[in-house]
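Chain IDs A, B, C and D follow the sequence of writing; residue 1 opens each chain.
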Amino acid sequence: MAEEAPTQNKIRSGDTVLLRIPNGDTRSIKVEKDLIVSIGRLGSFSSNELIDQHYGLTFEIVGKNLVVLPPQNIQELEETDATNEHIVGDGSVKPVTPEEMAAMKEAGVHVSDIIKKQIDQHTNFELKTEYSKDKYKKKKEAKYAKVFTTIPPTLFNVCEYWYNKDQGRIRDLRIDALSQMLSLANIRPGGRYLVVDDASGLVVSGVLHRMGGQGRVLTICDVETPPAYPVMSQMNFSPEVKSIMSSLNWATCQEDYTPIISTWDVEEGQIRSDKQRIRVNKRRAASDLLQSTREDLFAGEFEALIVASEYDPQSILKRLNKYLGGSCNIVIHSPYVQILSDLQVVMRASAEYLSPALSEVWLRRYQILPGRTHPMMNMSGAGGFILHATKVYDDPSAVPVEAHRRLAKLAAEAQKNSDVVSSQQDGGDVAMTDVA
Amino acid sequence: MAEEAPTQNKIRSGDTVLLRIPNGDTRSIKVEKDLIVSIGRLGSFSSNELIDQHYGLTFEIVGKNLVVLPPQNIQELEETDATNEHIVGDGSVKPVTPEEMAAMKEAGVHVSDIIKKQIDQHTNFELKTEYSKDKYKKKKEAKYAKVFTTIPPTLFNVCEYWYNKDQGRIRDLRIDALSQMLSLANIRPGGRYLVVDDASGLVVSGVLHRMGGQGRVLTICDVETPPAYPVMSQMNFSPEVKSIMSSLNWATCQEDYTPIISTWDVEEGQIRSDKQRIRVNKRRAASDLLQSTREDLFAGEFEALIVASEYDPQSILKRLNKYLGGSCNIVIHSPYVQILSDLQVVMRASAEYLSPALSEVWLRRYQILPGRTHPMMNMSGAGGFILHATKVYDDPSAVPVEAHRRLAKLAAEAQKNSDVVSSQQDGGDVAMTDVA
Amino acid sequence: MWSTAREIAPGDTVIAWLTRDLIQPLVVTPGKDLNIRFGYYRHDDLVGVPYGSKVGSRNGKGFIHVLRPTPELWTMALPHRTQILYLADIAFITSQLDIKPGSRVVEAGTGSGSFSHSVARASKAKEEFTRHGLADIVTLTHRNVCKDGFTVESAADAVFLDLPMPWSAIPQAKKALRKDCLTRICCFSPCIEQVQRTVTALNDAGFTEITMYESLVRPHEVDQVPPMRSIDDACEILKKAEQKREDKRLRQIAATRQNLANKRKREGEADLAEDESHHDTGSGKRTKTDEIDDIPQEPISLDRNIAGSSEVADSTKPTAKTTVSKAFPEVRGHTSYLTFACLLPGSPEVAVDA
Amino acid sequence: MWSTAREIAPGDTVIAWLTRDLIQPLVVTPGKDLNIRFGYYRHDDLVGVPYGSKVGSRNGKGFIHVLRPTPELWTMALPHRTQILYLADIAFITSQLDIKPGSRVVEAGTGSGSFSHSVARASKAKEEFTRHGLADIVTLTHRNVCKDGFTVESAADAVFLDLPMPWSAIPQAKKALRKDCLTRICCFSPCIEQVQRTVTALNDAGFTEITMYESLVRPHEVDQVPPMRSIDDACEILKKAEQKREDKRLRQIAATRQNLANKRKREGEADLAEDESHHDTGSGKRTKTDEIDDIPQEPISLDRNIAGSSEVADSTKPTAKTTVSKAFPEVRGHTSYLTFACLLPGSPEVAVDA
């Protein structure tokens, strides 16, 4: 067991760091030595104050400095007899005026004092239930506190950040769906995987995260050069973790296509300078990398194909199927049930895919404040659908003719009795009828 | 306010009664005076014992008689320190043998004593947690108790019975979906409604239930004579409640079609006997009813169209649209999102339908035993989808040309900025862009 | 209640539908105007118009639909009243409590459990019920039901409690329910802790058949999209782009060579030693060629809007659209827990009031 | 761990897939047989076969697929162990606890919270872990963690508790977690009451960022069906059926009249007075005609399998199938509530153990 912690514990210069601000929003900032970071209304501070701090801490911006705040517990609320019965919603709430507010801020009054002032001027405050009071205070705190919390760059947190920021760019891939995809694909250190990721690199990030720099990840993209995979920047991967990934595009992954780069060979005699030599060598290295990546793909026997793509999944399967090993996991995500239903129909008609199964993911978060446990009032409706199948090698002779004829008859009968379409690969279902 | 209770409180001869038996299953029995009812393993008794009893009571079958049991409370469980830690799952549980069991039953030992005996012979029983013990007792009780509870014939209970019995026959129409359909259609006493119900009469039952014998319900079916609507038998509707319903089929609801029955006229002189006269009169009454029902349909101005059908909903709408009044609610259920998505696309392209909205229903039941609150381990996945729209009268001149041109430009811009397809009826959305 | 006539008459309450999110009730009052951001209308213009009509504004700035009110539209039209019950819950509760023509139902707390505008709401709601002709059907009172009880005794078929502490009102609710037949109660609680206490209170008060449900609705968005692009399209686009780039590179190399040759011709062989540096820091054109020699820096986008790619896409794709749907990204995840129970007639516990 | 070779070798653990619901692990042992209801196989036949192959039985009674084991298949292959964690939960917990290569994770209670077969499971599981080459990675002990604590101290990156009273193990779990960086805990609780006590215990012990989730999976069934029938079809069928019935009635009336006429001819006019009763209680044929006079008693079914209707349907309908899908009728509605929390390094509470 390595003594070195595998977790990235502390913020380093060069990290992209996620911050949670009091209103619940998350911001992404780049931490570089001697850089000033500004977070809108909250104020600004020097990056250096964050470097070497543990992820997960909460800071208050005091002037231009950061003060670490102790971890916040949930406060138990005492219930009272208040029932809101006597509260009259007729506008008798007299808020602190904007002028008073500005004056207080000007004078550097601390947020907790501003809130206290507001409460004092709230005529009905004492009539409210404790829960209502707490809610009111929280709302005010969120509005005025100059605090933030750094968010550890885990797959969970990064996925949540992107899902909230721009669901479309990650193709509605919610963390529960992504986690299930990684499990269904059996991603493990040392494996070899094919990834088609039009979800801004979220899938690739998940795969790399679970591999820890051991194995091989080949992504196929629709741009000439390896795409940027913007999600990866928040993951702050070490070079080792990223080193196992290489990319082809849909043209260069065709066996009968000769990429033009490989034809750009310069004769040795024509090189007239060191600079030109560097350029030529760079080009050659790129050509060699492309060549070796292609060879790697064409060698096949990949252990999983994971897809979150805007392209027709049938056309993706058609291209990549021959590179998948036996017992390989095929995992395809789509925001739309229609796309994967159609695909499932095609796959179950083929003897190459065992038991293609379509499922929908569902995730719910709860509020767990004492005495007030309930599901969040809003939830994300669309986490998408996952199709999982196992690649198998068919043996058309596996069921001899005499049995086949009898089984076909039984299958027809079984079909009549059941509306549910059973997978054609489940030869056993039929045989079960035989026995029972 | 009528002094007469509107609820059907007591079981009458002729009622179809639902019974819940200890294993949780529900049975439907017909109660007729002097009839013997047999409920499988539980035993049998005379129907007379049930007649005039309140719905909702629990009975124990003792010999051939019924004994009313007091309502059962939930028992609070004391938690102990037991953790199941010392339980060894190696088969040391020595159950009462089948022979011992048969002997006890033979001797007429009461169920609670049989369970006690089993507990005594369960070597690990005292090591179990209180929850485990309770679970064990409940399981045994369900197996041996000769008790049942009558279920009031509410729409809720009848729908649940059919949903559990044969989901397919009611087209996956779960009670939450059905309730929403009735609300969206604004079913009220005195209204006039069109119903297309291929869900065994569940929708018609719901509509009739909420109308209380006032108004008009016209169902269109695909059989020559009014269908049986089997769900209705469990509702035990009074003749008044049912009297407001009449039916046509897809042929007789066509205006340009002359039903053959109306051509069967017998000249007065040809009637040669009273019996023949009765037959002829009966035939005439049927013909008159058909004629008046057709006139009723053709008069139009219905307030809602409710559909749960196996036919293409577009073809249903095409036929019935002209009979719908302005501001009429159109509510269509399907087990499949594909069907209603396609329909929504067609409807939103027409200026006759305001804001067609597609939604999916979701229902979850909880176990609420003290200290053991959690959602049921199984839930029904498929309650189906509902499409709701309002019938409107278009006015193509509503937006004058000069505004139209400007708005079209804005609409094009708005379209570019938004991936979500907004309803074409929302002329206002465009105007909003204009202002903001 | 609301008009059931085909056409709108003066004094009718109608629902003006501006957009799905902007729905407002209107009492048609001849002489009055409606001036909204969707145009200018006269109430007189609405009189005689069939319900469900699209009505254009007088100033051509938009249109509205005039609809017949329904309880659902009424609820949608009042989005700012706190915590109005949701359609799915109302529908489900109606079915579970077996509410039908003739039922007598008692409701306590029409507002939210956490912040009831009781006084203000009560007067406002009373006025509304009267206007809608519901005054004979709905009786409205303002009182603390937990302390003072309900106004009816042994009379209700069903009780609906939407209170912050429903458990404290259960003995009173039991009093209000009739005892000559099976009756029902529903408690509407946002938090599970309320449910737990309510279940205990119901159980203690002798209610049976205690069940608890959550009912939600997931609205779906439907979209018509071109069929998904095939990998073949992507391939073609990539190949063409690569070929174009290569052609350009070759043309530029040829041009540069030609330039060099011309230069050599003009400047003679003497400057040859200088050429190396010129080659590297040379003209913009030359530098460009260098860059193209290397791995291209800018990926080719496959965006449908790019002219270069659209020809390929158009030629290989059928024009038919496919329909896809999915739940809206953010949907309501919770409204309330609905706890139900029955009170049986003649059970011994009924006689004993808590 | 499990073999990563292309082909199966003697001693490999493979998964024999019989049906989706019948999956069984197998250690390939030359000389051994596999005799199941799906046929008879020899282990020797599997050696050298690529993973993922379909293998026919020797007696032609069926086939199996031989798959490479994965943790997911392994879980599916053991349905009878009580309360195995579900895929969705395992996947979600793995992500939330940020488990990755090198992480040190402590799990307490591998079984169910309500009935843990601890002793039996422990010995069985130990054997399994060893066979799968996991003995170096997984350390297994049997102890009461609430009383006696974990075997490690300040060493774990994450703790996972699947215990009936997780709250009582939280102080011990805190001891086991390392203090030099942010660490995480997950408690798996089927009931909300457990969650409530756990949240309190976590809060008291100084854990922060307490969150709670439920993660479920809804399997869908996909069906290819003929396009929905149009009302036009129903109409045609009804009209044809009605016409057929009418034709028959008319033929029968004509035949009866002919019979009557013949009879009259044969029997003369004398029996005319008798005819009335004859008319009503007459031959079976005659009675049938009477019935047809009335409203037909038996509805015409539109079942696709009825020959009479199929011709209409076939002529008007395109043959293309449409694909529809829906969630399975009964799906898992609950597995457990997943409560998560973080322990921050250097916070003052960490020093004080509860």
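Convention: a contact is a pair of C-beta atoms (placed from the backbone, for glycine too) under 8 Å apart; a residue touches a chain by one contact, two chains touch by 3 or more.
It should be emphasised that the depicted structure is a prediction, and the values quoted were computed from it without experimental measurement.
In this assembly, B is the chain whose CA centroid lies farthest from the centroid of chain A. Set against one another, A-D and B-D show the most C-beta pairs in contact at A-D.
To find the repeat of B-C among A-C, A-D or B-D, check which pair has over half of the same contact pairs by residue number; it is A-D. Taking each chain's centre as the mean of its C-alpha atoms, chain C lies 31 Å from chain D.
Spacing of chain A relative to chain D, judged by their CA centroids, is 26 angstrom. A straight line joining the Cα centres of chain A and chain C is 25 Å long. Residue positions 337-338, 341, 364-365, 373, 419 of chain B each touch two or more of the other chains.
Residues of chain C found to touch two or more other chains are 192-193, 196, 218-219, 323-325, 327, 337. Put simply, chain A touches chain D in their complex at residues 1-2, 5-7, 9-10, 54-57, 70-74, 152, 154-156, 159, 175-176, 178-180, 182-184, 186, 189-190, 209-214, 301, 325-329, 337-338, 341-342, 344-345, 348, 351, 354-355, 357-366, 368, 370, 373, 385, 390-395, 397-400, 402-403, 419-421, 423, 425-432, 434-435. Here chain B touches chain D in the complex through residues 83-85, 87-90, 128-129, 131-132, 135, 167, 172, 222-225, 227, 249-252, 254, 257, 259-261, 264, 272-273, 275-276, 279, 282-283, 286, 310-313, 315-316, 318-319, 335-339, 364-365, 371-382, 384, going by the rule given at the top.
Those residues of chain D lying in contact with chain B across their complex are 114-121, 144, 146, 164-165, 190-193, 218-219, 227-232, 234-235, 237-239, 241-243, 245-246, 276, 279-280, 290, 293-297, 299-302, 322-335, 337. In the complex of the two chains, the chain C residues touching chain B come out as 4, 6, 17-20, 22, 37-39, 50-56, 60-68, 70-72, 87-88, 90-92, 94-96, 98, 100-104, 157, 178, 180-182, 192, 195-196, 199-200, 203, 206, 208-224, 323-325, 327, 337, 339, 342, 344-349.
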